[in-house]
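Report on one structure; see the data block that follows.
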Amino acid sequence: NNYCNDPTASGKIVFGFNVPQTGTYAEEGLEQLKGYQLAVKHINGEGDGGLLKTFKPLALEGNGVLGRKVEFVTGDTQTNTDAARDGARRMIERDGAIMVTGCVTTGEAVAQQALCHELGVIYMSGLTHGNDTTGKDKRRYGFRHFFNAHQSGVAIAPILGQEYGNDRRAYHLTADYNWGWTQEESIKAATEALGWETVATVRTPLGLGDYSQYLTPVLNSGADVLILNHYGHDMVNSLPQAVQFGLRERQANGKQFEIIVPMFSELMAVGAGDAVKGIIGTQNWNWQLEDEGSKAFTQSYGAEYGEPPSQSAHTGYVQAILYADAVQRAGSFYPPEVIKALEEFEFDGMGNGPTLYRGDDHQCIKEVLVVRGNENPTSRFDVLNVVGKTPRDEVTYDPAIFGGELGPYEPNQC
Amino acid sequence: MSVTSEKNIVLHAADVIKNFGGLRALSDIDLQIEEGKTHAIIGPNGAGKSTLLNVIIGRIAPTSGAVVFDGTVLTGKAPHEINQLGISRVFQTPEIFADLSVLHNVMAPAFARRDGAFRLNMFRATAREAAIRDEAESLLNDFGMWDRRDDHSGALSRGDKRRLELCMCLIQHPRLLLLDEPTAGMSRHDTNTTIELLKKIKLRGMTKVIIEHDMHVVFSLADKISVLAQGRIIASGLPQDIKEDPRVQEAYLGGAAE
Amino acid sequence: MNAAPVTGPAPDAFFALRDVHAYYGESYIVQGVSLEVRKGEVLALLGRNGAGKTSTMRAIARADEPAVMRGEIWLEGQPVHQMKSWQASQAGIQLVPEDRRIIPGMTVEENLILSQVAPNKGWEIAQIYEHFPRLAERRNQEGITLSGGEQQMLAVARALAREVKLLLLDEPYEGLAPVIVREIEHIVQDIKARGITTIIVEQNAVAALRLADRAVILDSGELVFTGSAQELLDNADLRNRYLAI
Amino acid sequence: MFHLSRKDQVKLAIFALVVVTMPIWLAPLGAAYPGLMQKFAIYAIFAIGFNILFGLTGYLSFGHAAFLGVGSYTAVWSFKLLSMDILPALLFAVLVAGLFALVIGFFSLRRTGIYFSILTLAFAQMCYSLAYSVLTPITNGETGLLLARDDPRVIDAALGAGTVGGAGLPSPALLGNSVTGYFGFYICAALLILTFYISQKIFASPFGLALRGIKSNQTRMIYTGFNIRPYMLAAFVISGMFAGLAGGLLAVTDPIAGAERMRWTESGNIVLMTILGGVGTLIGPVIGAWVIKYFENIFSAINKNMLNATFDFLPDGMQNIAVTVLSKFVGEGWHLTLGLLFVLIVVFLPGGLVEGYLKLVARLRRGRGTKPEAGGK
Amino acid sequence: MNTILAQLLNGLDKGAAYALIALGLTLVFGTLGVVNFAHGALFMLGCFCAVAFRYLLTIETVSVDPTQLSPWGQPVQVRTPLVQDWLGDFGALMVDYSVPFSILLTVPVMLVIGIAMERGLIRHFYKRTHAEQILVTFGLAIVLGELVKSVFGPNPWPQPIPSDLRGAADIGIWLGMEPRSLTYPMWRVIYLLFSLAVIGGVFAFLRFTTFGMVVRAGMADREAVGLLGINIDRRFTVVFGLAAVVAGVAGAMYTPLLAPNYHIGMDFLVLSFVVVVVGGMGSLPGAVLAGFLLGILQSFASMTQIKTFLPGIDQVIVYLVAVVVLLVRPRGLLGRRGVMEG
């Protein structure tokens, strides 16, 4: 079996960690990189072993992969699809990477995933929440552990109903690009199913900074809920600005006005400051979870870096472990074998409860966390509280709804 | 003004008026230039001489009136079109391509003459345009600048820039050459050479309009002189008549015709 | 920063150049010029195009270019070669540049006001208008739209609006109508009468020599003649060789 | 028609040699892999084209990335709709980019100086914003335009030509040969040499002289009888077409087209490349492009592990210090190095790398020659 | 109707912010003629003056309590605030009002930075080509950004609004309307007033002193001005310092609206250039006018009513306005002839 960067031929197992290290998403990327580096330690049997203690079923033996130590190379995607692909190509063509992983936007994920597929190298995406990664643009060689916008919508709806009732009028501000649209669509469907009415869906330019011109109309719109389908810096800016507009002190339709941010990350929450207090959203993982896996990961990450991990670090860590484990189980680096080992793989102990790597679209199906901005944080790590977990069954969906095609197993030559 | 109407008039500025805000820089100018002659325009500073040239070459639009060149109305035409009709001008402050070599400065206008206002002459090397190059070099030679042909023209002294600009106009073989103080700042020696050269060109039948304060130059070259003062032509005629015109004496020469 | 180190004591002369060498980047233009000017004297600096007259004047006025690499410039015991152009101007050296350098975007009056911003005022603006009624008429016109002669007047006026110890006139008659040449000549004579020391560069050697007490001739950056104006007028050979008159 | 001056012939020969031997001399620099070498060639083409406008006419376009993006989108659409062959893709990329340049240039060239720059910037930013959002049906927005297996590809279908790439996605091909890897690089390299040659021709031609005249003195140009509008427009369109070619090649070597390619930062990048290497010189922009791409790809990939390995020979304490200090300049700190490089180069090598180098050489030569002792500093 | 009024108010507010941010740039770019790509970096440094000021005020003594472990396995840190303890109520007030108070830090710091930058680097580039100015200032911007990144990290640093100034002001009441019919965030109103004050101050300084005239003249012809005895270098330094201060205070006061990170300058760079150029090179009033024009139009273009029949208009409005203005008026709104046209 001849394939790209066959470690048995080169004698080296190289993972490529390609994350934004500069630009606006540098912090998320650098966190992810820390997760990856910790994973390599644990795979190679260094450190305290981390999730290898809780991960079930586990094939890794703490002596590298298939008995050989893992090395890694890093790259800077600059949160730019071209730079991401350049980095991935360097890892594959020059450094001999057998697997590439990392990203903080769906754009980077899809771009790298497509490239890796063409070159016959497996890509484990990092932080990507858009539906397309495992929907319209899914690839046989790409795998996503992170949850997606659709699942966010489904997961958040019951909690919203519980907290804010079934008679609400929602106003959406949506980042005007692919991810924003899918998120808006998903949340809208989920909230309307609750009985909410959608007053308006307004698109805002990406990376705008000042959202005031979109917030002024909210005041007199008759809405009593504002849903911010913004991610990253868009959200870091729009949420505090919305709060400054006095929305949260406002009464509308006889109810307290509320703001919802369907997709959260710790770093975003830190960036948004006080404004995040009391705001509900969803998360892939949180270090305050009480299960054994989460505790173990938080412990070993804290020992390494002196602070608790973010979900970005977690997802990076988990993806690296999952790939390594799949190789171990397949007993081969041959990508089709590894892909088959990952597809329909059912595991637990990674912090999200029992999880399925679905074969049809390479999306992890697991429970989704609903979180709320902490009113009295004790530290800057303690910004989000888990207020609910939507079980895996409820967030399972039919992969056919997003279309796309995985493509063949056979690897191309790079 | 109706002088010698049977002569061949190549340029006619008819009733040209130019106002700058409240200032009337040119009023009712009626000027006829005969083919093949050298027509000098003299007058005190600020009389409107340069302004008149600007109107002719399309740099400024006259407030009213028109300029006709060989049957074509120039007013309203773009400057490059006017040049293409065969009118070149030496400016009062030298306008040269300061970033280019002296030789290229002279070659560029030759291309404009040969190729017209635009031609995508992209694949033939300038250096291989032998005819134009030779002509440029011989012209530079005439003006004593041949050995500086590869110098950066921005670094020339002012007198040299003047001469260079003159070369740039001459290589176009214009039918009408407008000279705005071509020898200002030139040393006496170079002034004399320039006069000789301009005389030679005249033999080839090129029409010239020359603005000059140096009476030596004016009286060496001019076939006819018009005197401009405060935007009006106050006198027009043969050099000798002008020299003796009392109005000119007073307004311009100050009794100092050297 | 092209100040040369002091190599000797200040000369006795009112104004002196000692072995000045100046460069435009790589090109060596002023090649060791030495001269002295007495107080109240008018010196004519003559020579062909490209001889280096302007360069010498600019070196004296301490313009950035050409850079003085060696030599000294002294005015009343002050080391001008260690100054920048603004210091030289405050010390009383006023250059009327050959290209006049009227400041674009400013009216005639603003150009004049500007020359009085830095210390050591010369004539009052009212006084200037008296001498140059044409400028008074045009005071609100943008300076660069003036006709050539008017610009020249403005340039001279600007220098006079400052305290002048040494006036550097670079081709003041260029482009001027004979009447105006007379007028400026009168002004310069007037300046001379006030005891202002002047160096004048002029292609119109006859006109320059009418004014000058002494003359020097520059050729290829070197002095080839120093003497009284009369001496030069009498020396037909020199006149022919360097001035073509 | 094909004539070059002696000097230019030598330059072209050396240039071609340098480009073709990239896989050899880049190897010790860690850059000898097809992905990066393709980028070197492509961005050099982009920079050469940009320099025809900026270097010759002095008009600084801040929106050239738009043409790069248009070229890429066109090429990918050509793959999707017509054929996986790169010839139509490149042809259309060049033509469509040229068409865009014609329209944008027509308006922008009404202004000069900074006003022109901002006009081009504005047009390009509009293209970018729209491509990212409203035009998603055409551009596929954030995720970028990708190939799909069920694309129509009418020419391929009509010819019944099997596409290269097996059961997976089809891959771009030149007359049936897949253009991935080194073959892709050599195609780019050949086109780079061709564009270099064309730019040499333009520089040496009367057209180039006219463009330089426009840069030097527009007034003189006009009163010399040149109509500068068509000259400028021609230069703008030519340089837009070069950008389109570069964009097309990006899609050829890596079939995806994203809106980010059109962002102002990308336009800014090409400006920086050109200035860094030397505006208006033939080779400068190429070198500038290589330097920046090298930093972006190689410096950014150096991490602490690698530094540790490199400085293994030092005693522990020293190794730590060396690694800590250097790690600020590589990996996530590569921008810092790039910024410092920009500053140092302009300060010490005015005119960019090439000009600065020439001046430096001249100065050293002169230092040995005769010159009166300089008293100043 | 209220919507229109609110949107107009919003436009004014945005416009004032744009004008203020662009003001520093037009001083350097429109007046000194230096293409200053580091302007965004100066804005960013101003933001971080506010961040640093608050950071210093809230500095804490950290002691480690080894008996307790945090959930991530590290000893718990016990933090006690320093300044508040020290200054008591006034300290607390300072912390609460850290953003406005930070101006006290921002002005001197930015002045020093501006002067150092001009003396150390920019000065040598007045006579160099614009291309080289771009390269050096862009390089400088990157370096400054990276330095801030290495101190403060890449994540944004939100700054709170003083507690008394939080929430929305009821503008409607001031205009004699029903209560709560027109509300607008208090801090934005303050920023609007602050912008107007700074802009007015800078205008007065440049208009009613000969300083402005000298600087304009110096830009048109440095050498000639030097020959008139004026030390133009020193004045350029002052202008640059002033520009840095203006950029800095614009940044510091903006922090509550936009949590700053090291990258924030780049995000504002293009916008400030567009504002300055649309306003017209060399014209301060032009930049202010352009700021308001863009702000108001952007505000209205973002209304759903308009977006429905012009999809995507809000994405491009700024650039569209720029194109239209520059095509209709050759030198922007109020530009002067010959400035940066060549």
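Per-chain numbering from 1; labels A, B, C, D and E assigned in written order.
The rule we apply is simple: a contact is a pair of C-beta atoms (placed from the backbone, for glycine too) under 8 Å apart; a residue touches a chain by one contact, two chains touch by 3 or more.
These numbers come from a predicted model, not from an experiment.
Chain centre most remote from that of subunit D: C (centre = mean of CA atoms).
Looking at B-C alongside D-E, one finds more C-beta pairs in contact between the chains of D-E. The most distant chain from subunit B is A, comparing centres defined as mean Cα coordinates. Rounded to whole angstrom units, the spacing between the C-alpha centres of subunit A and subunit B is 75.
With centres set at the average Cα position, the gap from subunit B to subunit E is 53 Å.
Note: centroid distance subunit C to subunit E, computed from Cα atoms, is 47 Å. Distance between chain centres (mean CA atoms), subunit A to subunit E: 34 Å.
For subunit D, the set of residues touching two or more other chains reads 129, 132-134, 335.
Looking at subunit C, no residue sits in touch with two or more other chains. Counting partners per residue, subunit B has no residue that reaches two or more other chains. Every residue of subunit D that touches subunit E in the complex is listed here, in rising order: 54, 58, 60, 107, 110-115, 117-119, 121-123, 125-126, 129-130, 132-134, 218, 264-265, 268, 271-272, 274-276, 279, 328, 333, 335-336, 338-343, 345-347, 350-351. Contacts from subunit A toward subunit E in the complex involve residues 23-24, 26-27, 30, 176, 200, 202-205, 207, 209-210, 212-214, 216-217, 219-220, 233, 236-237, 240-241, 244-246, 249, 267, 270-275, 287-288, 295, 298-303, 306-309, 381.
The residues of subunit E lying in touch with subunit A in their complex are 2-3, 6-7, 9-11, 13-14, 17, 70-74, 149, 153-161, 166-168, 183-185, 187-188, 256-259, 261, 263, 267-268, 298-299, 302-304, 307, 312, 314-315. Within the complex formed with subunit B, the residues of subunit C that make contact are 24, 27, 47-50, 54, 98-99, 134, 141, 145-150, 152, 171, 174-182, 203, 205, 243-245. By the touch rule above, subunit D contacts subunit A in their complex via residues 30-36, 39, 129, 132-134, 136, 140-144, 146, 148-150, 165-169, 171, 180-181, 250, 254, 256, 258, 260-261, 296-298, 300-301, 303, 305, 331-332, 334-335.
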